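One chain, chain A, appears in both complexes that follow, with chain B as partner in the first and chain C in the second.
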Partner chain A sequence: MRRLARFLGPLLLAAAAILLPFAVGAYPLAVARTVLVYMALALSWDILVRSGQISFGIAGFFGLGAYASVLADLHASLSPVLSILAAGAAAALVAAFLGLAILRLRATYFSITTLALAEIFRVVIHNGGDFTGGAEGVVLPKPIFGGDSRQLYWLALGAVLLACLCSLVFQKTRLRLALTAIRNDETAAKSNGIHIFKYLMVAFAASSFIQGIVGGIQVQSLGFATPESVFDPNYTLLPLAMALLGGIYSTPGPVLGAMLLGVAAEFLKLKIPYGHLVVYGIIIVLVILFMPRGLFGLARPDRPSAAKARSLLRKGGGEGSSRA
Partner chain B sequence: MHSLETRSLERRFGGLAAVNGLSFSLDRGEILGVIGPNGAGKTTLINLVAGLYRPTSGAILFEGRDITGVPAHARARMGIGRTFQLVHPLESLDVLENVMLGFVFCRGLGLRAARKEAEALCETLRLGGLARELSQITMLETKKLEIARALAGGPSVLFLDEVMAGLNSDETRELIELVKDIARSRNIGVGVVEHVMGVIKELTHRVLVLEAGELIAEGPYEEVVKDRRVIEAYLGGAA
Partner chain C sequence: MSLRRSAMLAAAGGALAAAAILVWKPTVLVYGVQRAGLYAAVAIPMALVLGIVHIVNLAHGELLMVAAYLTYFGATLLGVDPYVALAPTAVVMAALGLAIYNLAIKHTLKAPELNQLILTFGLGIALSQGVNLVFSSQSFKLSLGYVSASATIGDTSFGVYDFAFVAAAFAIGYGLRLFLTRTRFGKAALAVGQNPRGAAIVGIDVNRTYGIVFALAVALVGAVGSMFLTKQAIFPDVGGPYTMKSFCLVAMAGVGNITGIIYCSLVLGVAEAAINGLRGLRGWSDIVFFAIIVATILARSRAESRR
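Up next, the complex of A and B:
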């Protein structure tokens, strides 16, 4: 019975999401589509965060996917749907290759490097000449599905479902134990037989794969790409704020955060242009300070406060060694 | 063939030789004490054996195989277990999940099977039935948890880094019996780093005495404590 209840909520939400295009008009649907794009990115970011690695490179792999999709479409005449898959593959491959170097970095060093990577991707594509379209970008002959707003919405919803599925796989399998152990204490993780680099690589590649797919979907939906539009730092900032607000290390958290912030942003955009960015900044600061597990974490206090447990245990161990 | 053997093991930190030309062996079922003043290189020795440090020179052999270049996680899978002086439980996992790690990542069990095995192991160590949140467990239970996590990996060699530190005498007694039982019933070679001499006396078959990274005495407890160099190392030259 409780099992049923646990599945019922997500199922109802998914059903409502699928049926939404029949209930609302073009404008709300366009807003909802945008929210879904950010939601998928927020979910993908959270997967890597579970290992303790905080990436600021979401826009980088998103943009890489976007360009991979456009270029595969234009130069290799791949069908739009196939080009979206190619976008995911390209982003994952680049992530895996770069991961060989950057996954050796930790904490802020990793974060700053991923931020720089996104900028490097942008500059490379900006200067890619005719092949990438340079600064002017590229325009597709027509958007995917002829630009039909309902089908575009469902396509973005597909990306969210893929991201949810991936997030759940990382939650329900040994991947959760491995990434949590790595986040808590790498020395202990190693001593328990966990191949740290391997699991970081899996998480980084999976997370980048989703970001690439979403980039492909976005560019095929809009029908054009410029370096400035697809590598927009907002594609990093917004998903990050959404996941933090909703609650990291979970699947419902980023979904919840994206819905709240997505709708709030749309409202704020109308009231105060660009004001929504200020609100995002404030939310990130407040959440990190006062609510590190986000809204979903508040609703689910099933883990001891990490700081409390740590201080308790360290105190015990410290006393022992000083007495000896 | 020894279960574990080191040959002229050396580890330098800059100009300091934390471990210097150390050769020793450990067999299955044996309990080996490792003692020495602070800074003698005891923990460095464990870190070298566990693969957290690379030796500057020398070799480490496990069941006859040279494992000097094998990374830490692979050594854990081969059967080299260790606990930490400052306990390292993973605070975002509950007690059972902490113990599951070894079963999953060293022995390749699925989550369900690992959970069963972890429950059984906690039961044998009398860690079972306790509140499952990490913040609620006692010091003795934390120490047992460290041992359980190491045992979950199925070690044939296990190093305990000051597991008795911070325990009262009743708790120490219980843990001594536990360690003896582990060595005997699981046929594990146990290396015990400890400052409390009573523990070393009761627990070990053989003792290594380190000072400034060098092995200054080796033998049964009763012999090494009479060794002049050992007495000097502990009490100073005037003694």
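Up next, the complex of A and C:
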């Protein structure tokens, strides 16, 4: 019964999300689409965070995907839908290639290198001449699906479902154990036979793949791309704040955070055109200081397995209790 | 031995590159050195915090920007030169640094390192967007006569004012080194940096040391921010790149090597100036630092695996 309830909630939410276009008008739908875009990014970021690596490069792979999609569409005349898949593949490939170097880095070094990535990609695209459209960017003949707002919404929802699926795979399979082990103690993980580089690479490529897909979807939906619009640091900032507020290391956390902050973002943007992002900076600081596990972490009691392990340790005595 | 040899090789290579650039375009060398001065002056305080408090402050560049804004409004309201406002700015920034340490950073010291990173990232956003909220993204600039002073050697003339940043870098770098090795507090701070627990056991107040070191670093960035204003236009996002470039330099010099940053910044500054000097490549100079980071990382990891 409890198991059923656990599945029922997400299913109902998904059904409501799918049926939403029939219930609301064009403006709420456009807002909802934006929220979904950020939600998928927040989910993708969380996948990598579970390994203990914080990426500040969301906007980088998002923008890379956006440009991959546009260029595949214009230069290779791929269909828009295929070009979105190509965007994911391109982002994942670039991530894998860069990962050969930057996944040797840990913690701070990794984070700052990824922070630089968006800037690097932007400079490359900016100086790409006619091929990338340079500083002026590129305009597509027409947005995907002729710009029909319902279909655009479903497309973004598809990205979120993909991201949720991916997040669940990383949560329910042995990938979770490997990534959690790496996060908690890399040396211990290594001595237990976990191939650290391999797992980090999988997580990094998967999260970049989703970011690339979302970038492709966003640019195909808007119909244009400029280096400044697709490498906008907001695509790093907002997903990060959303996942943190909702609660990291989980699937519902980023979803919850994105719904709360996404709607708030739209409201704030109307009220305060300049500098409304200050709120996100403050939210990040407050969440880290006062509830590092986020809203979902507050609601979620200790995992039964963790509690069990702790009681076992207490009973076990010996070296177990001295470590606990 | 091999370390000494590679250091000598690096020095020889650097001298050769400098000679080649001198023949090709002397101004590139001059502007590169000037750039390096600014980079080093901004990066050294970050190295101080990283070396002693063991925190990477991702709001570093934003603090530079805030100090520049403070100086701008202080200097224009009172009608004084930014250099007059430098000391008061540094004092205000020190207070801000102390507040940031006590209200935020102190509480994450025991948390995983990543929490500190996200915290300072959020702080940086809050600072730059806060400024954006109050002053909008409009840029401010002072027009000062003395910054356009120039000199002519042979038939090349170049601006000389920016050598002030080189002087500042040397003053901050060697001043800090003296402070850390000669004064009682400095020695205590170094001890805390090496081993906080050991330092606490011998009676050093670790938390207070962290707070003062952080405030000192912010004050230094503040002073550099005042100088920064004399030359550059300021806007909310002006500080961001300096965070990354500073970190690049700190990583390159190695944590704890404060004066080494000055020499590493020469590589970055001259390389950027050289690329800016090539007509077709002008737009690419912003990724030099990234290439340097990746090269440093790869070299380090190779050296480590050989050990």
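Keep this in mind: the second predicted complex is superposed on the first by the 300 of 324 C-alpha atoms of A that agree within 3 Å, B and C clash if a C-alpha of one lies under 4 Å from a C-alpha of the other, contacts with A are read in each partner's own complex, and residues count from 1 in each chain.
Just so we're on the same page, contacts are C-beta pairs under 8 Å (C-beta built on N, C-alpha and C of every residue); 3 or more make two chains touch, one makes a residue touch a chain.
Because the structure is a prediction, the values reported are computed rather than measured.
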Touched partner set for A:Q151, first chain B, second chain C, both or neither: neither
Touching partner for A:S229 - first (chain B), second (chain C), both, neither: neither
First, second, both or neither for A:V123, with chain B first and chain C second: second
Which of chain B and chain C A:Q171 touches, first, second, both or neither: neither
First, second, both or neither for A:I196, with chain B first and chain C second: first
Chain B and chain C contact sites that coincide on chain A, given as residue numbers: none
Of all residues in chain A, those that touch chain C in their complex: 49, 52, 54, 56, 101-102, 104-105, 107-109, 111-113, 115-116, 119-120, 123-124, 126-127, 237, 240-241, 244, 272, 274-278, 280-285, 288-289, 292
In the complex, chain C residues that touch chain A: 56, 58, 104, 107-108, 111-115, 117-119, 121-134, 136-137, 236, 241, 244, 247, 251, 283-284, 286-287, 289-290, 293-294, 297-298, 301
Partner chain A, residues of chain B touching it in the complex: 50-52, 71-74, 76-77, 81-82, 84-94, 97, 100-102, 104-106, 111, 133-136, 139, 142, 149-150, 152-153, 162, 165-167, 195-196
Chain B-touching residues of chain A, taken from the complex the two chains share: 173-174, 177-178, 180-181, 183-185, 187-196, 249, 303-306, 308-310, 312-314, 316-321, 323-324
